[in-house]
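Structure, as structure tokens:
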Amino acid sequence: MKTNDKGGAPRSMLRRKLMIGSAALALGLAAAGVGHAQTPPTGEVNTTGLAVTDDVVKVGILHSITGTMAISETGSVQAEKLAIKQINDMGGVLGRKIEFIQEDGASDWPTFAEKAKKLLVEDKVAAVFGCWTSASRKAVLPVFEQYNGMLYYPTFYEGLEQSPNVIYTGQEATQQIIAGLDWVAKEKGAKTFYLLGSDYIWPRTSNKIARKHIEDHLGLKVVGEEYYPLGHTQFNSVINKIKLKKPDVIYAIVVGGSNVAFYKQLKAAGIDMTKEKPLVMTISVTEDEIRGIGGENIEGAYATMKYFQSLDNDNNKKFVAAFKNMWGEDMVIGDVTQAAYEGPWLWKAAVEKAGSFDIDKIKEASPGIELTTAPEGYVRIHENHHLWSKTRVGHAKSDGQYEVVYETKELMEPDPFPEGYQ
Amino acid sequence: MTPPFHAARKTELFGFLVLAAFVLLVLPGVVDPFRLNLVGKYLTYAFVAVGLVLCWGSAGILSLGQGIFFGLGGYCMAMFLKLEASTPEATKIQSTPGIPDFMDWNQLTALPAFWEPFHSLAFTIVAIVAVPAALAFVIGFAMFTRRVGGVYFAIITQAIAAILTILIIGQQGYTGGVNGITDLRTLLGWDIRTDSAKTILYFVNAFLLLGVIALSIAVRSSKLGRILVALRDKEDRVRFSGYDVAAFKIFVFCFAAAISGIGGAMFTLQVGFMSPSFVGIVPSIEMVIFCAVGGRNSLIGAVYGTLLVNWGKTTFSESFPELWLFAMGGLFIAVVMAFPNGLAGIYKSYVQPLFARIVVRPAHRRRPVGGGKTTPAIAE
Amino acid sequence: MTNNDFLLSVEGLTVSFDGFKAVDDLSFYVDPEEIHVIIGPNGAGKTTALDLICGKTRATAGSIRFRSRELTEMKEHQIVHAGVGRKFQNPSIYEDLTVFENLEISYPKGRSVFGALAFKRDAKVRERVAEIAEMIFLADHLSERAEYLSHGQKQWLEIGMLLIQDPELLMLDEPVAGMSVSERVKTAELLHRIIQGRSVIVIEHDMKFVEDIAHKVTVLHQGRVLSEGTMAHVKSDPRVVEVYLGH
Amino acid sequence: MFADYSWSELGSIFAMQGFAGLVLFSVFVLMALGLAIIFGQMGVINMAHGEFMILGAYVTYMCSNFFQSAAPALMPISFFVAMVLAFFASGALGMLVEMGLIRFLYKRPLDTLLATWGLSLILQQAYRTIFGAREVGVTLPEWMMGSLPLTDIIEIPINGLIVMAITLAITVAVAVVMFRSRFGAKVRAVVQNRQMAGAVGIDTEKVDRLTFGLGCGIAGVAGSAFTMIGSTGPSSGQLYIVDTFLVVVFGGATSLIGTVASAFTISQAQSTLEFFLSGSMAKVLTLLTVVGILMLRPQGLFVLKVRR
């Protein structure tokens, strides 16, 4: 790789530098119109020594293949590989096929940092699609900023962050939460809420936003708020407390293995979610998680996210079919998987808009990029590198799918540092 | 009447010099800066492995919670660095500027009292060693004076590691929670993220490690070292020779904890963050395997063991991530079943004799006379 | 006669394990410079009695006074410092260390943690080790690893490890077990030499050996004293004959 | 916090809470029993205990899939078939492990810790390779997932009742096997004096193997039972391991009664605290108390005084 980026550089360096400005401009126009019609020379689209040759561009995929997080991250890896394959089938990016280098974060944050650095420093990848937990993103963030890499991060998360080196393709907390709460208050007449979560930053921040919105904006009441350690498997006591408080809504942000325990025990304790007394609303259970929980155990719960597999539009139908075709008929697709799928496409669009693989140009080109072919419909990158997207409410059915019962009319604006919610 | 300890000491000294040359000259010479930084990270684990050689190899005390001490040392360093990074200017978008970002996210409005002293580097440096040692003292005092040892001690330390992890994760307003303390930038204004800084830190780390090993060699070749070995073999005999056995065990446990703390602090400096994933059960046991692969009785071997396993982990997981766990699991079993003395054992039984035959041909060769009876003492 | 005239006075000593009284209201006294042999059938409580004296087992009731100090309240290492040495039934030596190091560890200096760190192997230590090694017939084996010694040599080494501490009371649990005839003779000789200036409690089954060395014999049976006195006296006691010697 | 409620409501809640505590107690006993048998009788700590549990869970998963497709009519009893199979599967794997690994290490108990840890890594990855990285959803007979409504508020979870029943059955069975059967007598003989037991004609190796198999088999049953309340994934075993060790250590590790008593103490403390405090704080407080007591009494709560 190291030889490639220097290929043909020495003599024509000056001339190339002079040409770059105009070439980029021209290419940008071309890219918007005809896409991959032409293959610009490597020296022009790659001035910073990335792993780009005349026919190949290398990118990184960085997720946990092993360890506890492999459960969640597998879907993202599959989606990213699908997107890369589809892009390659269409002719690649600026005429170059995408090759990916996959690294295992092993559910261990320092390993994520180590592998991120390896991808950027040794492999000189043009972009990295990866990370899942906030902790892994926090661990790699300084690496991406120091070595100037591009990270496409797929998970819905707590916000409170905005890095020029990251495109957040999942929703930040306010996007995900507020519309759902408005809906449940208006449509279901909910008055009291019980907030519950696994004990770490995302559920806590999300519940903080939820509480502010419930109390300050909706004028309703939070009757309880609790956190359980990650991996906790015994929820009978909290279920008793919930029964005592009789909230209208249980707002649950439980994750991982705890999820399965929570919903199984909730059902066994006689809380029939289909009766909606209380109603269960979650932002942490995608179709992926339901496979572990069992559709019959969560039937009747509501989830607020930007994507459900059952979304009825052509983009999504194609995507679901392609995904199953590649990975198997029994695959299910959750919100994060779809967001991960958007990563390579958004990067491709940015590269083509910038007419270059250079990180700085991609950073600059990214805001405003639209994806009309996204399975969730339409997304656009905001100035703050998050996505404008719609928020939907899904109603869990016993077959493990959500039925979409509501979607916001407008795209929700991403607001990672929400005023009044801190 | 010179006891054969001299010969053993000579081998140890030789091994030490080779190791010093390896980490100070060879590695920086042949490895690119990126990989050197990785090696630097691995070498911080070697502090723990060296501590385990003293504890486990010498004294027979197996702690499955050494990650606690590594983590505590690392957190002390991280707290200092985080405070330095959290100037009011750098954090002015927070509702309470001047405190670390994660505190602000958790609605803390003032710096907790136990963070205050970590504004001072001097205090931090003392704490890096003292905090792990103090906790080790409490644990050791409770366990050893009541004669808890063996497997039981191992699982109690493990339970403590698990509890501490839950505590740190649960108290995220004070500790940074599961994310840990991240985004550390400078040490007294010196940017620790640059390549040159990383190279300097590598050498600081290497010198500290060599210093710790030298100190450990001194400890082991003192009478205390022999008492530890004696105590591993026949604890009662030592006790009834007039020694307060618990005090010796507490000492070596605290010593191992203190050097693990140094390793943790160096980790934080080189990697730029500290997270509770180091305090838990898994890393603690992995560190035992570094030590076991190197040879549980060999201080020098511990370093090679650490490097080998981590190098294996990195390369293996780059090409076959799925297979890595099989390899790691197999390594645990192999080291226990087939090579209980690890690399050092292999070196001693295969390489050293070969070496001796080729190089030290003349006088020194000692052939046992009269059967196996006078086999010279093997260096421990 | 007050208790203080004895080197060791054991009174009303009792220990029970889950209700089973291994030693039951045991009393006996050891004079200065006395070789006191305890005999009795298996399970009589002999080894337990030694365990109690050296602090390995804690008494349920009773007192053990050694030169007017109460041993039942002291820790094991303090009892050793007070001048009580104990050899175990199975030779208990450090197999991974050399004979020299075995003796050196027992040398009564550098017994605290930091004392041990600062301990220097000076000429005095070497001399003393050599002296003891000579006494226990191991002068030629100093640099050998202890695990390669014969069983009898291991027994001697352990005795040597006690002698180097120069205790006032030495307790030996079956010192000649597993020894050849010639080794037994040498050991008896060794015991006679080392009782100069100290008392010895010996547990032994070998009656020939007991007759050779004993000043006073205590016979234990089911945790209690059955008979006490000179060997001749004990031998003629009908109860002793019945439970122990008679078969 | 109780001012707004009527007496009957409070009574109901306390009854429910008492039941929750009992369920937690049963879960703890079930988790710890296998480990305690192996440790108490053989001095071996089996770090792969969680993975043996998950093997039981996967067996249940496969069994329920099989019944669903092959014999839907028999679905209501599938779970009990699965549980028996889980016992034998985990037990058989346990005996294999004993034969290939553990028996070489009886004199080195610390090394068994490391070897079984290695085994747990291998098993985890094996599950991942065979069943995929994602959690699997175990379909249980419909009747097991409901609840019995006693009053408006009191609803007794059926899976809780089943867990309690299984725990009771297993505990009684273990007690009978250990203290009433010939096999139990042999096990105890081997524990007390291995050489003597061998000399009087007990095949000590076989006893070891069966004991280890029994402990692992119980782990398998536990795993099978936990499909009712928890998740089944390659690393789910790790979720239980900390609690399991704490229960065993706190109980004094050598006596089965100690294990049961310790499970009771910890579960009641945790369940009560969880009710009055936030879940995370409750867990931390429970754990701190346990560690605090272990500091004062590191040998555990219940140890017999014996001559060592």
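Should a chain be cited, it is by its letter among A, B, C and D, assigned in written order, with residues numbered from 1 in that chain.
In the analysis below, a contact is a pair of C-beta atoms (placed from the backbone, for glycine too) under 8 Å apart; a residue touches a chain by one contact, two chains touch by 3 or more.
What you see is a predicted model, and the numbers here were worked out from it, not measured in a lab.
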Intersection of contact partners for subunit A and subunit D: B
Reaching subunit C from subunit A through chains that touch each other, fewest steps: 2
Central chain (distance from its CA mean to the mean of all protein CA atoms): B
Relative to subunit D, chain with the most remote C-alpha centre: C
Centroid spacing, where centroids are CA-atom means, of subunit B and subunit C in whole angstrom: 43
Computed distance of Cα centres, subunit D from subunit B, in Å: 34
Centre distance in Å when subunit C and subunit D are each reduced to the mean of their C-alpha atoms: 48
Length of the line joining the C-alpha centres of subunit A and subunit B, rounded to whole Å: 37
Contacts with 2+ other chains: residues of subunit D: 125, 128, 280, 283
Residue list for subunit C, restricted to those that touch at least two other chains: none
Touching two or more other chains - residues of subunit B: 166, 170, 322, 325
Residue numbers on subunit A that touch subunit D, as the complex places them: 65-68, 70-71, 74-75, 199, 225-229, 231-234, 236-241, 243-244, 256-257, 259-261, 264-265, 267-270, 288-297, 400
List of subunit B residues in touch with subunit D within their complex: 56, 62, 64, 138-139, 142-143, 146, 148, 150-152, 154-156, 158-160, 162-163, 166-167, 170, 281, 285, 288-289, 292, 322, 325-326, 328-333, 335-337, 340
Subunit B-touching residues of subunit A, taken from the complex the two chains share: 65-66, 102-104, 106, 108-111, 113-114, 117-118, 121-122, 133-135, 138-139, 141-142, 146, 158, 160, 199-201, 204-205, 208, 227, 229-230, 417, 422
Subunit A-facing residues of subunit B, complex: 34, 37-38, 41, 93, 95, 101-102, 104-107, 166, 169-170, 172, 177-180, 182-183, 193, 271-273, 275, 277-278, 314, 317-318, 321-322, 324-325
Touching residues on subunit B, where the partner in the complex is subunit C: 1-5, 219, 222-224, 226-227, 229-230, 232-234, 236-245, 247-248, 251, 372-377, 380
